[in-house]
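Okay, so subunit A shows up in both of these, paired with subunit B first and subunit C after.
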Partner chain A sequence: MSEVSGPTTDEANGPADSGVDRSLRERIRSNPRPALLWAAGALFLVALEFGRLLDGVLVFGQAIVFVIEGFASLPPYIGGNVEGVVAGVAGDTPGLLVGALAHDGTLLAVMFVVATLLQGYLPVRLDDVLGREMSRRRRIYGERLALTAILGAVAFALIYTPVGSIVDTEVGAWVTGVGILSDLPTLTSRELIPNLGHRTPGGGWEGTFMGLSPAWAWAIRNVLVWIYAFVCLAWVWRGYNVYRTYYREADWTPRDDTVKRFRNHYWGMFGLIIVFAFVVLAAFAPAISPVPADANIYEPYNHEFEYLNDDGEIETVYQGRANLLSESDGQGTVGPMSYDDFDRWMPLGTTPDGESMTTNLAYGARTSLIIALSAVGFGALIAIMLSLLSAYYRGLLDIIVVFTSDTIISIPVLVLVMMLVVIFQQSEHWLAEPLDGGVLLAIILGFAYWPGMWRSIRGPSLQVAEEEWVDAAKTYGQTPRKIMRKHMAPYIMSYIMIYASLLLGGIIITVSALSFLGLGITEPTPEWGRLISDGRPYIGTDSYHVSTIAGIVIALVVLAFNALGDGIRDAIDPEADVDGGDAGATAGGGGG
Partner chain B sequence: MSRWRYFFKRLLLAVPILFSVMTFLFIILRKGPLDPVAARLGPQASGADASRLREQLGLNEPLWDQYIRFMTDLITFSGESWVTRAGQPVAEAIASTVQVTVWLGFWAILLPLFIGIPLGFYAGLRPNTIGDYVASVSGILWLAMPNFWLAVMALAILRRTRGGWFGFDWYTIGPDISSLVGQSPSLAFDSLQGVLVDIKLILPAAIILGSASMAAELRIGRTAILESINAKYVETAKAKGLKSRTIVWKHIFRNALIPLIPIITNEAFILIGGSVIVETVFSINGLGRLYFLAITQADLPLAGSIVFLFTLLIVFLNVLQDFLYTVVDPRVGVNNE
Partner chain C sequence: MSQETVTPDERPGRDTMVEVRNLKTYYEQGGLFGGTPVKAVDGVSFDIERGETLGLVGESGCGKTTLGRTLLQLEEATAGEIRFDGVDVTTLSGEELYEWRQNAQMVFQDPESSLNDRMTIGEIIREPLDVHDWKTARERKQKVRDLLDTVGLKREHYYRYPHQFSGGQRQRIGIARTLALEPDFIVLDEPVSALDVSVQAEIINLLEDLQDEFGLTYLFIAHDLSVVRHICDRVAVMYLGHIMEIGPTEELFSDPANPYTQSLLSAIPEPDPTSTKQRFTLRGTPPNPRYPPEGCPFATRCPVRIRPPEYEHLDEEVWEGIGTLREVLRERERAERTVRERIGELLGRESRFKSLDETYDELFGDVAVPEDVQSVLDDVADLVENDDEAAALALLAEEFASVCDGHADGSGGFDEDDEPIQPEYHSVSVSGRKSFCHRHAEAYREPDDVLDERHG
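Let's turn to the complex of A and B:
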């Protein structure tokens, strides 16, 4: 950490007013040069890939819309159910009435929950607005109710007045705008460095980058992707250093030691690099795949391309037709590092369906990453909330949580997940639609794994609830929510991080195992486990590459997540320097 | 005897957990998104057939009666399979497959115990030597490789030995099983030859099923030994002039076993899930494969009963774990009382 030097010489104002209460913005204003330099670099990096970034924003927006729609379907669902039950008992008219009441009640309840979450961020206090004294409890509930009313009014306006359609058009216009902007060429786009082309009768290539062969064009694009990704990583690291050197008040914080320990942890660094590569593979899947996924996998009979046939003529053929004739099914094999008969470059060969292995692997990484991250995120959210609540309130709540988690943990994870997946998929539940079952799987895995995470942080959260600073905050009159968030949550975060990073590998194995059994992600969304099961009949033949490569990739990524988890654990917990810890055993096996 | 009281408390707690799992099964299988009638007759089922089935399954009865019926069916294993073993009582279907799975589980627990723990102890007693590194790295690699992939690969390689790739033929070396390919062990135990054939049939699956446990046991065994070696009582024992053999067996080994107890029982936990996959890949006619078939064919009574059996097993294992703790570790229960 030689970078930590010289902040005082750069500061124009001297030590007198570099007091504790200057905000980060003021600190940057007093010495803007390093920050500006860094920001310029960051901006340049963003500009290079602006289109792809906007694509990501669009996808993220769609996901949010999906979640909101899910919650929005809750009131009609409950209303409908209540209506059915009451109508069966008391006749149709009361049924309709009670159903409508239940609908509105659920709606208001959802809004009250949202209001409770938002209340802490209100810019004004209710007693100031009303201009009279009120007790703390009263004020908080008053604010929540007022917020609920406002939200209700907004919802009413959106649903029953023209305002709704105006907002709809407005949002639609923005989405279209972003969509157009996201088509801007980026550094690694296939428009800039195309690798799809055909041989010319003269022996050269047409349509590819600078007339190079598709293999070289693809290789150049890939090298660019990896360089770009690692430059970004390095720039983020530099940003942290700039912050630490010039803008942080303290010369040293405990986190410095954590970072230092991690940097010297070669096993953990190895894990980090592979995990980063995995994330890049997922994020840049369109650039890494030699053939675009929608042409090659999703709609092969809507996409045509040209190739030079044996008679020396340029011919047009559907991707689907070409796939049929390039299958790696033991009879014919398109192995790694070769062209198929249609001069499509296949860096890792083809699948038994004739699709590009590379495309399948890259998009499969996307599927795995999305599912693993959202499952762990969902599970960790439940685990953290329940552990904080049960540690703070104890009593009945604690018993209920212990009981629930013991119940879930008593069913073997894989058995439980298989059962839930089948039940939801066979009933054609709407949750099973998105990502061909990916979203459903993420939710089910989160549900199945939260008890494990909860157990791993139960001890620490019970401990921290006993601490004096929590008592002090209580006497000071802070709300329970704020105490949990500010004084308890940070303490258990490191534990959940260790456990979560170890769990990610296990979840990736579970997802691929389910897909291998034909239960998880169904066609056409690419998934690694399904590649293994597709290639399984051909392991003994020349087409052994399908199962082998997919399996090695899974093993490598799981290995890397385990290594990263070990590294994080040793970095966060200094005592682990000595005994090399035992948290690893809890999540390592994975089951699949 | 406060630790025994602690143990009985845990034992009593197991009963409500079982009931809550059964209730969960009731909610998911009966009241879940999948309508039992649709599961049996197909999603578009309607008309007389559907309503007759609805009546027959008791779906029109009051919820409370359905619940009690469901629970008694589960506890007594008395339902009837719908599709997988159409018409066969659940208890019979389970009884016909459970032996093979027990046989598989027995070897899958035994093999890692005799490979993983000694390797871990070996590595722990010689820290930072080449032997230690080789053992640790191979353990880590084992852990990262998915069971189902290992199974697929192993099966392909074993089939390959027929062509004389590796100079021996797996199917004829030792007891000849070349006429039994794809069959499950008979488990008649009538002759030595028969037992050897049964072992050979289950061996590849057992090794792969136990691979994750093996790696975990190796890892934990190593750290456990390292921790005990550096403990004060070992130093005391050394100072007393005890033979190093006595120190290893009496002081290090016994204490290193304590952290291994939850690992071994937890492995059984993983084995149950893993048996579903490994039995399916090796097409061994066991409980795991039966569960896979039942759940994929929406055979709800059979699948529900098997889940209940698995849960019984796990709850029993947890109790067993508490029991072992109470016996091995005198400190148990001291803090909790």
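Let's turn to the complex of A and C:
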């Protein structure tokens, strides 16, 4: 059939055709200038903040280690349980044996799941390796089993042979290396532009950036942070444009229209900018805080600093002591844009505990962002998988999912979350430790919110499952997994994005509400809701700024997430009137 | 099923590709709440020869699309066999089914819905090749370009998106995807009915060219009779899950044997104003496929239904009334009364199950009903008054039913246990055309005669 060529399309073999079959690398090689320019700029931006990036990498690595350890604790847990049960029935020796078998079985099952996920990325095919014909099913399962065996062998080598300790040492050395590199000065680091210092008896400042006052030093560092962040954003946008103009093979894709519609959606853009600012606040919390969090919040009695006392002498004092004397609790107030008695610059005043509001807000943004993102991510994952499966297979599976989600939905979210939080925290479960309960909260919120997300995409899933292209894929034997991924999931993603961005705001509020009630995130991890609750008694006094500022920030971020959701929805929907002024018509859908 | 098969005629040189035997596809059977299944395809048998185009026509909802989908194993057959080159594909599963799928493909009706518009044209056409691991990635891309050529699109369209194409072009893309695996058999499910008339012709011509070029075998599902007449070698006419008539196209169009085919063809407008061709319209709508008639599926609307000899010369209107009455009673028998309606009835209030007076008024109001018929109708009304629709129906059947309604001729008796009699496939021409109608049997007059007499 390949020799077939229409009479009028011979010229199609010409230049237009010959240039098409190239990989992205080849396309860049043939016209490297725009890509190189962009890459040079990107490298420069990365170099400016290389240390901070490595810090991020380390934190990310810790998170991954935590997740892997969580999974790794599964086989011993199941093995131990089985052992206990069997030992109670049949004596210790069989119990030990069966427990060990259950342990290994669980381990292998986990590895098989991992192998199934990895199988698609294998560089070689089993039938090529073995050099013989095999049916598709046999090949796929053969590959998965081979991968499981390899993973098992690696695990065995790591656990039972010296290889394990060698790898441990190696990884440790790398982590140390990265740790050292991450201390490199960055553009916005406190070392480069310090704002902590003390007044000199002569009237100037010592220890601050160029002898400027702490307020100015802090302001300069902050301006740099925001400039850097927005330049990065612009550069990413430019990169997308470079790719689209020079290297993308399709000269138009449906996504182009979506992007265009979003760009003209002012309400959505407003949301995007605020949300971006929120992310920057979280990411650059150490640079934005005038006083570092570990000194000011976590270990105030391990950190000292110098100040000029009223007698004109330089005196050393603990942060904790200074905090005690700087409380904004109605009696005394350190308001926004002022210094406390120890000449610490407090751009947003102090909390009722005398800590810096700015530091609390910035680090609290981290807490909120991590919880909200992981809760929504976790919930969305469940929702998408279940909605695809139930829309594709229907029948009993669908009914089970409906019943399950209805059961969860029938319990008020806040009650459900409070119940679970209390149960886990009282039993001092290991999940409750990280982030002072933040991770636990994220998982519980994800569990509580997936039925809502599942419902919001159930209709679209059922609809897309009825499309003829799904039938077409069936007629040529596409696997159900790929049909769901290629032909159904992309249509649901847009819906889940809208709902997720609305939900992000809702989750921030829920977390704040829980912290306000004394559940959720406990001291000392900074959290916005707790700021409001701490400042509430003083709302009628001079120290009104505590609750007010925290409340405004929460309201603004939630509003921005809703605006972003509206923008995405209108951008995705081709029928939406881009120029129309209906922006914000349905804002606020995700609250609580 | 009294008739299992159309006996395939043993002409030499026939090369049968697809053999369908007594195929049934029911929906919702064994569903969670049980219930009566919808009999979308209810026992059809036919052959498709290699290289021919078999047309499948019928009204909407007659089961033709379901039949096509069942052939491709998109629906599970409830019973019967589909043999492709001797292999019963209803028994295939897993790996065998996956291998077999290369041989049979489908062109879908709606070009808006049949292409995933998040993928480029190239990705869409290449997907079947990817699924079946066809050669190397580079060769696949080359093949997709060749296919674009073949269906009359440009090679550069590889990186375009479906949004950028018109309906006709999208249908060409769908056809290219269908051809990717070089199948032998293609089901065309109303491939042109969603297109402009001017574009229809182009697509039809393309399909014909491709058939010549690649030696394809088509099952062409359509409701547009003129298109079918143009492209098909043979035509099967479907009604309510049954094939009513099947035979060579020209013969079937010029000299239809089955009353349903006659009714269907009579609906084609005649461009010649001087034409004296008789036209009659089918009354009513097709019955609910969940509760099809017991005998011949067409009996409720048939213009030439066989009548009991004692009532042979009743007025056409009276028969129409009796037919409608039976439908009404059947509906009422099935309808369930809500608690409220029951209470309302007990209190003597009018429910939607009112007495038959109004119905009679409507049906027989301005018609002269003979004595004997009227007495039967009165008895029926009495039975209905007592909510005994089943007995009323039995009475009606006893008096007016015939072999067409599944009752043994002459007996008139109604016995629940008897299998209803269905028509047989009668050979109606030398070419082996088959028609599913009692009237072709020796004992009865041919449909043509009766049609002339009753509607002439």
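Convention: the second predicted complex is superposed on the first by the 555 of 592 C-alpha atoms of A that agree within 3 Å, B and C clash if a C-alpha of one lies under 4 Å from a C-alpha of the other, contacts with A are read in each partner's own complex, and residues count from 1 in each chain.
Definition applied: a residue touches a chain if its C-beta (ideal position, glycine included) is under 8 Å from a C-beta of that chain, and two chains touch if they have at least 3 such contacts.
Since this is a predicted model, take the numbers as computed values, not measurements.
By the touch criterion stated above, A:490 is placed in contact with subunit C alone, subunit B being left untouched. By the touch criterion stated above, A:406 is placed in contact with subunit B alone, subunit C being left untouched. Counted by residues of subunit A touched, the larger count belongs to B, out of subunit B and subunit C.
In the superposed pair of complexes, A:420 makes contact with subunit B only, with no contact to subunit C. When the two complexes are overlaid on their common chain A, residue A:555 makes contact with subunit B while staying clear of subunit C. Contact with subunit B, but none with subunit C, is seen for A:516 once the two complexes are overlaid on the shared chain. In the superposed model, A:469 makes contact with subunit C only, not with subunit B. Of the two partner chains placed by the overlay, only subunit B lies in contact with A:529; subunit C stays clear of it.
Of the two partner chains placed around the shared chain by superposition, subunit C is the only one that A:478 touches, whereas subunit B remains out of contact. The intersection of subunit A residues touching subunit B with those touching subunit C, taken from the two complexes, is empty.
Looking at the complex, you find that subunit B touches subunit A at residues 13, 16-18, 20-21, 24, 28-29, 32-35, 38-39, 43, 140-141, 143-149, 152-153, 156, 159-160, 212-213, 215-216, 219-220, 223, 226-227, 259, 263, 266-267, 269-270, 272-274, 276-277, 280, 291-292, 295-296, 298, 303, 307, 310-311, 314-315, 318.
Listing the residues of subunit A that touch subunit C in their complex gives 1-2, 4-6, 9, 12-13, 16-17, 20-21, 135-137, 249-254, 395-396, 399, 467-469, 471-479, 482, 486-487, 490-491. Those residues of subunit A that touch subunit B in the complex are listed here as 403-404, 406-407, 410-416, 418-420, 422-424, 426-429, 505, 509, 512-513, 516-519, 529, 532, 536, 539-540, 544, 547-548, 550-551, 554-556, 558-559, 562, 579-582, 584-585, 588-592.
Listed in rising order, the residues of subunit C touching subunit A in the complex are 32, 69, 72, 74, 94-95, 97-98, 101-102, 104-106, 108-110, 113-120, 127-128, 131-133, 138, 141-143, 145-147, 149-150, 152, 154-156, 158-161, 163-164, 174, 177, 179-182, 213-214.
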